[in-house]
Amino acid sequence: MDRQRWVALAREVSAGLAGDAVERERKNAEPVVEVAALKDAGLLPLLVPVEHGGHGADWATAHAVLAEIAAADASVGHLLGYHYLHVWRTTLFDRPDLTEALNRGTAEHRWFWGGVANPRDDALVLSDVDGGYLVNGRKFFATGASVADRLVVSGAASTGKLTFVLDAAAPGIRYLGDWDNLGQRLSASGGVEFTDVFVAESDVLGNQPQPGDRRAQRDSLAAIGFQLVLSRVLAAVGRGALDAATLYTRETARAWPTSGVERATDDPHVLAGYGTLLARLEAADLLVDAAADAFTEAATRGDDLTAEQRGRTSIRISQAKVVTSELAVEITNRLFEFTGARATGAGHGMDRFWRNARTLTLHDPAVYKAAEVGRHLLTGEFPAPSGYS
Amino acid sequence: MDRQRWVALAREVSAGLAGDAVERERKNAEPVVEVAALKDAGLLPLLVPVEHGGHGADWATAHAVLAEIAAADASVGHLLGYHYLHVWRTTLFDRPDLTEALNRGTAEHRWFWGGVANPRDDALVLSDVDGGYLVNGRKFFATGASVADRLVVSGAASTGKLTFVLDAAAPGIRYLGDWDNLGQRLSASGGVEFTDVFVAESDVLGNQPQPGDRRAQRDSLAAIGFQLVLSRVLAAVGRGALDAATLYTRETARAWPTSGVERATDDPHVLAGYGTLLARLEAADLLVDAAADAFTEAATRGDDLTAEQRGRTSIRISQAKVVTSELAVEITNRLFEFTGARATGAGHGMDRFWRNARTLTLHDPAVYKAAEVGRHLLTGEFPAPSGYS
Amino acid sequence: MDRQRWVALAREVSAGLAGDAVERERKNAEPVVEVAALKDAGLLPLLVPVEHGGHGADWATAHAVLAEIAAADASVGHLLGYHYLHVWRTTLFDRPDLTEALNRGTAEHRWFWGGVANPRDDALVLSDVDGGYLVNGRKFFATGASVADRLVVSGAASTGKLTFVLDAAAPGIRYLGDWDNLGQRLSASGGVEFTDVFVAESDVLGNQPQPGDRRAQRDSLAAIGFQLVLSRVLAAVGRGALDAATLYTRETARAWPTSGVERATDDPHVLAGYGTLLARLEAADLLVDAAADAFTEAATRGDDLTAEQRGRTSIRISQAKVVTSELAVEITNRLFEFTGARATGAGHGMDRFWRNARTLTLHDPAVYKAAEVGRHLLTGEFPAPSGYS
Amino acid sequence: MDRQRWVALAREVSAGLAGDAVERERKNAEPVVEVAALKDAGLLPLLVPVEHGGHGADWATAHAVLAEIAAADASVGHLLGYHYLHVWRTTLFDRPDLTEALNRGTAEHRWFWGGVANPRDDALVLSDVDGGYLVNGRKFFATGASVADRLVVSGAASTGKLTFVLDAAAPGIRYLGDWDNLGQRLSASGGVEFTDVFVAESDVLGNQPQPGDRRAQRDSLAAIGFQLVLSRVLAAVGRGALDAATLYTRETARAWPTSGVERATDDPHVLAGYGTLLARLEAADLLVDAAADAFTEAATRGDDLTAEQRGRTSIRISQAKVVTSELAVEITNRLFEFTGARATGAGHGMDRFWRNARTLTLHDPAVYKAAEVGRHLLTGEFPAPSGYS
């Protein structure tokens, strides 16, 4: 199935999501129905290679799908984007057998993946036991984990930081359900507590390589993969907001008495305002596409990935993050100027785009992404790989 | 009692309001408790002349009080500002006897006033009956009416537009309680329906003068009085937002790992960001003060008010509206950049400032206020008096 | 020769141009040396088909070349971009014989082309004489004409608007040399006066088709071709400005005493400022590329070009114009914040980027381009083809 | 003579300055004529007490005068503002006798004052000689010195930093005449070289007090006085730019074809653009006024000035600097959007406002003033007194 058909399919899913986005958000339930919709549409094994039973699509296709889903519901786009990353990042380790098994499970059982690895919390702690480890500790945010089938988790073992996979329903895992934030309300981003959760040695993907290790550059792609997905979701929030606002202006808004025009769609400030924001959004989307291409190219290099190419990829993604962050906030904030007072009626839910944009843009501050880009421009230095770079 | 003491008193009230602003907003009850707090503090007869039993304060004092109250709770500031306008605007007519009676009632019974006069709806209709009129019709928005003791209402009689006062509990008035908007949630701005509501001839303040009439300039001050109060409330929303955000940054925010500083209060972008916004806000507050002074001066002129002075006053107020509108939105939107991700926790209610600012700024579009200012600069023309100018 | 080699060649030319850009601009001579440099580098017949003796490059290559040249000297980029358009737009008429002859001349004699067709002036007037026409009248702006070898000219004949070619040294043409504007000072944009200039019938490219004519859509591409070139030059102005500013910051700027850092390249506001602007510029460049692709595709359709495709192309180009206009002004205005006070020394010529950006962005107002984009978003309407759309 | 009459007088001077501002700037001569105009108008002894032969006006009057002069010619406003500071700052020392003598000279001989004290250069060096000192060294910028009658100079003596007065024509002083910057071209801001310049002991105003000294707070007002004058000049640059642009729009600009209006003064974007900028400028002017009031109050406290009041004054002035800096740049940059392409004709000189604003705003970075304001908001700390704070 080619990209256009996946996009068409994603549009069907997103039409469904957009239809009741306001109601679903208000209910504030765990996004079980939403994840089921992704499963039913067959979107989850999109990136799984054909030889492992998946659809074998490329990242560009995944981004095109994400753009559609996240425009309709940014939380669901966020969940799906992270899922794609978790499925893919098993390949960053040297466990092709485990990757294959997980891929096959994802394809066969339509597993939805979540992760437990927020870099700003204290680490989970792994203690050695027979045949594996016991995991203990608590993470404050773990997007998608509570509605996942499988988890990718990182923790501190005596030998260093290890990453492993887990059945999300494994004994000892408790989902705190404490995500109650302004935006991304359906992103299942609450905390997780681990009490003596057993991980088999065979489920360990690998350790975090030391700088200079063969696998170091490859391993470090995960962090910027998340940055890239966030950029895509932010651009899509802008798109979704413009879609909803233009629909309102077209069908409901009234011209202002002193505007000298009959219809809101003829108001000069409305026209220029929408046009400016759309023009910027088109540019931003192209930049995210370019960043996704750079990421794909870097990801195919495996151990041959150089620090230079990794660095350039990281800068490209930071550029995308900077542009989409400021634009998502601007579009979602300003759209009200083009809809008029009645669009603030709570029933329209026109604030959800801004709440999503504001929440997403605070994941990590865009100003420090901009600084990375500026430093590279000025000095040629690349940012040191980290949980956010 | 001088201005400083009224401000001190207002600060006590506003400390109480700020303390549970998030909870009160979430409950979404009619602002009965809030109006009671204003009554208990003695703030309602602030502008009523001493000889009528009031406190005899001037508009500058009223603005200083409004600034405090609206910073803590923009809905309550909105209600109080409109109340002051309603009390004052009885003087725009030629019914000193009625004004005195109403003033005395306001002082003695601590009446809270609301209005029913949204210019964008169809008018209420008055039909002649013995000794007065019967009022019928519906208005979509009537800030404060549902929690008021007395109403100022306008409607279309056979002889033109009439303005009259009513007991808010008069038979035939139904408050629709349908205000459910993103912001100003406690402003009691729902609709009102009138079914054969009787108005005595003696409660009619007067008609709307024709252009050129002796009373025309004076009468036209009411509309810009509302614009001025909105400007004050908008500036106060910015102040309240900065207060809440700085408290959070100071006490709760963490420095970003790559910022190179230990505390969020040392982050260069946080420092410069707050400083820039505060500097603009100080300028905006001074502009609202200047507009309030111009308004007061115009109001004291009575029938001697010239079109020129009325025009200059209107431009001054439009300037204040333009500056406070853009700034209130900017501060409330950007504050999150200085608090970090956890401040999006719903419990902090840090989005309420933005929701209030966005809702208030759409009352009427700032861009058309800016156009009035620009036209005057270019051509010397003043805006034609209207419901918004 | 492939695109990379043309870009490399363009870089050589642009290195030369950048080296003395400040001095050349100050002399304010006609850009004779500059055009000669373009000739010597072989850049003029870039788009001329191989079968007519040219290099047969595509528009994407031409844009890549323009980006390099205009970053170094926006006037020269402007001249070269318009030259490419003039060479290409002979194909919009039904005179393949004349196009071929002109192409061959351009390839053989390295002709530089200028145009005389500013849409806001009164038209030149053509009167019928034996074997052709006499042209009379005056145009206020005619970029490149005074340093051109050949001209494309439009004027009003009795049968409608005709477009024809002329030897730029034809008797009766007088170049007024009156271009003395803030920016684009070397763009040879002065006026031209025609006094009984003879045009042979055989040099007439054709008339302006009526709406609905077979050739109407194709013909209307010329105007948006100019918009596209302006967008490219504007993006390049931003690039050139960033290049010059970063060089200065890196080599000359001093850290501000209270910044807490030793070098200007470590100043947090400098880093974030540059990074933000570069990120936006990368997005803008991609949008211009996409617009150039759309334009190329439309141009290859010939008479089959539909109003729909023409409209979409026009909107894409307008998007590029909107984004590059605002960004070129922003970058060139703000760069001083990252260089410090001494960079205002006149000898550095750091203001030339802003002067170029401001002058170019006023060619036609970006806000009305934005309105076209906004109207299409809201209503699906495309702008009516005109001299600017 | 009251404030209104001084303002009226200043308006006459500024009308003269505005009339040939473009030509004078182009000639780039030393501002001898300009200083003579200030002398002839009697503006130089404005702040000199009546008992010393001056006009005895207050700082608020001086600011009102500066606003007029600087709107017409920012260089001249800059010169006059610094002159007022130099005259006044002799009172910061304990030499009432010298102050009186200088005041009398200023009143009688219409002395124009300049200063030599740029904080970012190496200091001038004073070596002890019989009856005084010999001064040697070089300063890169010394606004006004080359056209001054008297100078206030600071240098490093063996006992610390000393401030003294000099005849500007004293032997050994060489004015380098090397100010050639984008803006403030007539501000006579070139360097000065001192070769064995003799200063009599009796012309020494005093030393720089140590922190904690009785005179420390009072002494530290000089630096923020300069910041205040710069704020006033920046606001005036905005005013002058708006004046020139509105004149152009009113009398010369043409409506854009697709604007749907006949006259540029009816264009909705022109109207809203001007209105927004003017509204912000009015707010900024009020903030500078408030800062001037705070400064005046602090200045009257003498040795009783507390660190707290000095700090609050400094923050107020920093707020004014932040707001006027960003606004001056914005107005002068954007005005072209409201005038159209032909206003870029060099003869109109419409870029001089931007060049002045850009040059002035780089004197010291506004972002670090904003940081001072932000830090005070967050922590209550005041900036440490320095050459810029």
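Note that the chains are named A, B, C and D in the order they appear, and that numbering of residues resets to 1 at the start of each chain.
In the analysis below, a contact is a pair of C-beta atoms (placed from the backbone, for glycine too) under 8 Å apart; a residue touches a chain by one contact, two chains touch by 3 or more.
What you see is a predicted model, and the numbers here were worked out from it, not measured in a lab.
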Self-check item: Set of chains adjacent to chain A and to chain B
Solution: C, D
Exercise. Tell me, please, which chain's centre (mean of its C-alpha atoms) is farthest from the centre of chain D?
Key: A
Practice problem: Could you tell me which pair, B-D or A-D, is linked by more C-beta pairs in contact? | Solution: B-D
Quiz item: Rounded to the nearest whole Å, what is the centre-to-centre distance of chain A and chain D, using the mean of the C-alpha atoms as each centre?
Solution: 52
Quiz item: When the centre of a chain is set as the mean of its C-alpha atoms, what distance in Å lies between chain B and chain D?
Solution: 40
Quiz item: For chain A, which residues are shared contacts with two or more other chains?
Solution: 259, 268-269, 272, 367-368, 371
Practice problem: Going by the contact rule at the top, pick out the chain A residues touching chain B in the complex. | Solution: 120, 180-183, 256-259, 269, 329, 333, 336-337, 340-341, 343-347, 350-351, 354-355, 358-359, 361-365, 367-368, 371, 386, 388-389
Practice problem: Under the touch definition given earlier, write down the residues of chain C that touch chain A in their complex. | Solution: 242, 246, 249-250, 265, 268, 270-276, 278-280, 282-284, 286-287, 289-290, 316, 318-320, 322-323, 326, 367-375, 377-379
Exercise. Could you pull out which chain D residues touch chain A in their complex?
Key: 259-260, 268-269, 272
